[in-house]
Amino acid sequence: MKNTFGQHLAVTLFGESHGPAIGVVLDGLCPGLPVEEEAVAAALALRRPAGDTATARVEPDRFEIVSGVFEGKTTGTPLCLIIPNENTRSGDYQRGPVRPGHADFAAFAKYGGYEDYRGGGHFSGRITAALVAAGGLAASFLAPAGVQAGSHIYRCGPYCDAPFLNPAAELPLVANNPFPLLRRELEEPIKERIRAARAAGDSVGGVVETAVVGLPAGVGEPWFDTVEGLLSHALFSVPAVKGVEFGDGFAAAERMGSEVNDPLRLVNGRPQPITNHNGGVNGGITNGLPVVFRCAVKPTPSIARVQQTVDLLTGQETDLQIGGRHDPAIFHRACAVINAVTILTVYDLLCGRFGTDFLRGGAAWNTV
Amino acid sequence: MKNTFGQHLAVTLFGESHGPAIGVVLDGLCPGLPVEEEAVAAALALRRPAGDTATARVEPDRFEIVSGVFEGKTTGTPLCLIIPNENTRSGDYQRGPVRPGHADFAAFAKYGGYEDYRGGGHFSGRITAALVAAGGLAASFLAPAGVQAGSHIYRCGPYCDAPFLNPAAELPLVANNPFPLLRRELEEPIKERIRAARAAGDSVGGVVETAVVGLPAGVGEPWFDTVEGLLSHALFSVPAVKGVEFGDGFAAAERMGSEVNDPLRLVNGRPQPITNHNGGVNGGITNGLPVVFRCAVKPTPSIARVQQTVDLLTGQETDLQIGGRHDPAIFHRACAVINAVTILTVYDLLCGRFGTDFLRGGAAWNTV
Amino acid sequence: MKNTFGQHLAVTLFGESHGPAIGVVLDGLCPGLPVEEEAVAAALALRRPAGDTATARVEPDRFEIVSGVFEGKTTGTPLCLIIPNENTRSGDYQRGPVRPGHADFAAFAKYGGYEDYRGGGHFSGRITAALVAAGGLAASFLAPAGVQAGSHIYRCGPYCDAPFLNPAAELPLVANNPFPLLRRELEEPIKERIRAARAAGDSVGGVVETAVVGLPAGVGEPWFDTVEGLLSHALFSVPAVKGVEFGDGFAAAERMGSEVNDPLRLVNGRPQPITNHNGGVNGGITNGLPVVFRCAVKPTPSIARVQQTVDLLTGQETDLQIGGRHDPAIFHRACAVINAVTILTVYDLLCGRFGTDFLRGGAAWNTV
Amino acid sequence: MKNTFGQHLAVTLFGESHGPAIGVVLDGLCPGLPVEEEAVAAALALRRPAGDTATARVEPDRFEIVSGVFEGKTTGTPLCLIIPNENTRSGDYQRGPVRPGHADFAAFAKYGGYEDYRGGGHFSGRITAALVAAGGLAASFLAPAGVQAGSHIYRCGPYCDAPFLNPAAELPLVANNPFPLLRRELEEPIKERIRAARAAGDSVGGVVETAVVGLPAGVGEPWFDTVEGLLSHALFSVPAVKGVEFGDGFAAAERMGSEVNDPLRLVNGRPQPITNHNGGVNGGITNGLPVVFRCAVKPTPSIARVQQTVDLLTGQETDLQIGGRHDPAIFHRACAVINAVTILTVYDLLCGRFGTDFLRGGAAWNTV
């Protein structure tokens, strides 16, 4: 289905970086949910570049909801949200040398040269603004039911944040922060690493950790629509994400079964795993613990250093030095996008399990 | 769509570990492809447990193709392949204590206790036999077009195999080997590690690396059906897979953009990236290089050690010591399943791009 | 998705008329539903040819459920039901002259000659046995919740049965009857018409009317997954169906708005349309009245008369006289297939609206 | 998937009659197709009400394409087209009495009263403007490949137009006509019938016949994605359509097999049916002849006559006399919508068969 994701809550993205507008259609929302434009604005603000660790292109991200809302509430019919592109400087871009690490060459192969190459076109991180807006809405819909998602910078070079151990308590600590960390003392060293990369005409990558709390046990499918499978399917759309791991993830490869299995005990009289090495998912299905995963975010491919490449116009090898406005790191901004993708997927999962109106009249979906 | 995967080649799985049979329906195959039962048998043989590093339950994996084949060739209508369960010892299993690390508790929450719990039921690794059979067929269909997938054990504890550097040359080295390694000298140490785990009533995990060669540039979608997204969606169905990374993956988090961007040069007169830090995918779309990724496979959850858990029958906390026949490691057997899932996803991607009959009369799909 | 139908309850068909077996996979069933094999057998019995108005090929329709059922109840995982083909006489069939009115030529164009042409292969009415078996199960699952579907012969040549006026009362009158009519006095004249057609080496068509009772108001979507759209999508798969109309259908083209609009009154204190010219659906969504529609079933294309055609083997024009065993009419047998397709679609609709477990613990889905 | 239709070309609709805008997202278009805004404008003009046989609400249907087009050609990424609502008079509408024959009551049951009821909201015929715009584009893309769809008024009350007999020659006769008829002499009598209905505070229905030419044989699937099934699925979304029949359709119920079977002969050396009683489809798959079908369009439900209904605000029975601006007939305007839905479905079918780029470099898809 290409640019649409979700079987029950379908998210359709459209737009190019330097076209008139980008936007999103959300289809499958429960009717009667209060639409708070502030929730959207707040989510967009977290994604917006700011300070000296980000691109100088700042979009005001004015948005308009053109359908699906009536008298301040969702109607249950498709909600289309449009964000005009205002601060475009297309002069910075022209067809020519492929930017290494970018989608330029792959897109050329796919679209035969008809793609809008300006600023990455449909591949631009700009498109994620629409995704973040949609996620902001979904998050505001799920919050009253106790379902929340949040992310923090988990690693950047040598700097490692503390992992989520008790996400219900930790999510508020990283919410609404454009540079979310559990160990605030890492903020300056990491920013310094980013600034140093920029100064060197380079960029840096990082790892983002995400947690979802409030999901009941019993959501997801064994084959193939596992919780991990659906989330990763969506997460790999977040530009620069090159890896996704749940629970112990790759570290499990060095561990013993006795270290990775989560023992169960009765908690408040109900069975529950008491460690979370499996990231809240067994056999593709939630076990009632928080869903915890990490995404690898590669360094921004747009760097100022001279790079070897090929010019698609001339068909010749050439050197490329990228100008324009770019982020020396995007993992911190990726947190907002990862949150959005996560909460939209979670909404879809719950909707599939409990029906289209699962949020009407207060959710009561405990399964065990 | 739950137990179905693939928009163009739909793979539907059915069956329980201790039911009469398991099977798979493949819908969307190009008509006229020669069906070689040996290809299925060979794929199944690689998945089958063998030696002292695997479970003692050995199924003959007799299979029958009951539809979709006529006069030795695919008809283009659904191909159903059935594998009877023959060597079942249900007495080894009964409802009771949740096995930590298994799907037991999540399945109970989802299915309300109606799930077939014997041997993991529909969650059993047994089901992957049907997947491997389907993958064996798909692999035999794609091989003449030059598209191949293969995997090797990349890591187990302290032992690291060499990474794929030139997969076209390396795939034959690991093909048809139930314990695939590029550095054969690691076989004995890794097997020894597995035996030691078994002796200790424990199990070990590992990392599997996979490569796909022969894919043209320009396959995949930017949002949301990226190559990474589709592959990971399917890969997380492989039991015990808890992480998927492409190219540099999580290592990219510690690198600079200048280290991760793949420069392009003219190769045989055509533009091509000359390193593969992005695993053959940019912006969700193939760039013409081999697609390379790694899966984290957790240690088998069935271990002989005493574990803390809860008995779902009595509702009481209890200790559990798992009997029965089990693998002390499954990452090596997972290679066959990962290959199957990979090649089925690749078939689906190619079919979406080039139409249902893309393999008829010889594939000619170069895009750049 | 080709041979799969249903977004929430996915029905996958496989098999050829003269292959080893046909079958169906049902994925998305609520766990815990009692599986009554008699319900399947009864549904199959209604589809089975009988008497002198049908083909002489009679299959015993032995079936086996190989997955998805445990201790007599659905597990919630895919249920695969297989029906071996036992009474095949492939010698009756061979590649050669296209049978006019059949799928032979279209199938040849699609599958390039690789299709299993024996007895129509995957296009054979034989495949509907698997569909009917699945429908029999779904019907037994929905009946306790008050949802039922049934059909009767509405028209054959000059003979018109009474329309459904009060389906809740009329459905029992046509249930479990292989030649269902509200006006029983039409049975003999219609059968006589069928016999006369056979005697003339010809065949006859008819119209089938179907009603679904027990659906709450508010099920379906405005665009594009209307109740009419989903049902017709599935119904046109029933071999020989060439038209579908809801409520007044084509007759509405000759009527005034004042004759077709259904006035509303309070019935038991709740708003309700008091006529049913719209067939229980407005704007694609159920209005709480029975869903009523009619299917046009064309005459069986296999006739004994000499027909002009082309021989695909020789590429020459030729005359064809079809031998073998055939039905001189299928509209009466189509009732069982239409019922199956209808109830499966209804299950899917309800599941999408109320979640996967909507039948657990008694359905309580009233919406107004 | 609710408001999205098409597996290969996905059409997503959004908007309400009296909201800020309506629109459509087209995802899956072949890159490099010339986008002619005149094609859209011309299609919209045919849908726009005109003269005394239509509503007095006339929208200018200004539209903007905000994505998916670059330098006048499709990029292959989602094309979003937005049509602002300009001429809205919401004062004409308020929650209250259910309008009989409309979706009001069904929508209330589905959306719990949160639906935008003004002017029918998301159920309004207004939404079809976006569909028609999308169809106009798709038609312009397919025309150079020889694939065309067109419709005419087939019946209204006692007036019957000639059926399509040679659509390739007849389609130009009915193209670009807001009141398309093969027998132009019927225009005045039918318009007079419409005017008489309006004068009587009533409305009239009709039948529309549609033909698609240029489709190769071999497109479509046997189960369940038949050509008839996919088209009808989409067609029942066209407001007021209550029946769809292919070829002889319901008339086949009164005919003999020998009258309905289409004999084959060699035409230009290739096998071809020489009559078209099956409407160009056998076994769900095109046979190379034009696809011909008819849709029943019920009388407009908005009529001036007093009608019995229930007021949802008061919960009381009441009489209703509908004011505002309405069409006394919509079957003629429905032609543009049916054409749009048809050509979009045809694009989807071709794309599934021949791949996403089937229109690049000239289509060459002959299959037999």
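Order of writing sets the labels: A, B, C and D. Residues in every chain begin at 1.
Assume a contact is a pair of C-beta atoms (placed from the backbone, for glycine too) under 8 Å apart; a residue touches a chain by one contact, two chains touch by 3 or more.
Because the structure is predicted, anything quoted here is derived from the model rather than measured.
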Interchain contact steps from chain A to chain C (minimum; 1 if touching): 1
Which of B-C and B-D has more C-beta contact pairs: B-C
Where chain A and chain D are represented by their mean Cα positions, the distance between them in whole Å: 38
Centroid spacing, where centroids are CA-atom means, of chain A and chain B in whole angstrom: 26
Centroid distance [mean C-alpha coordinates] between chain D and chain B, Å: 45
Centroid spacing, where centroids are CA-atom means, of chain B and chain C in whole angstrom: 38
Shared-contact residues (touching 2 or more other chains) in chain B: 1-4, 7, 13, 77, 110-112, 122, 222, 357
In the complex, chain D residues that touch chain C: 1-5, 7, 11, 13, 98, 100-112, 122-123, 127, 155-158, 197, 200, 202-207, 216-226, 228-230, 232-237, 239, 241-266, 271, 273, 277-279, 281-288, 294, 296-303, 305, 307-310, 312, 315-317, 331, 367-368
Residues of chain C touching chain A in the complex: 7-8, 77, 222, 352-358
Contacting residues of chain D [partner chain A, same complex]: 1-4, 7, 10, 12-16, 19-23, 25, 27-28, 31-32, 64, 66-68, 70, 73-80, 82, 110-116, 121-122, 357, 360
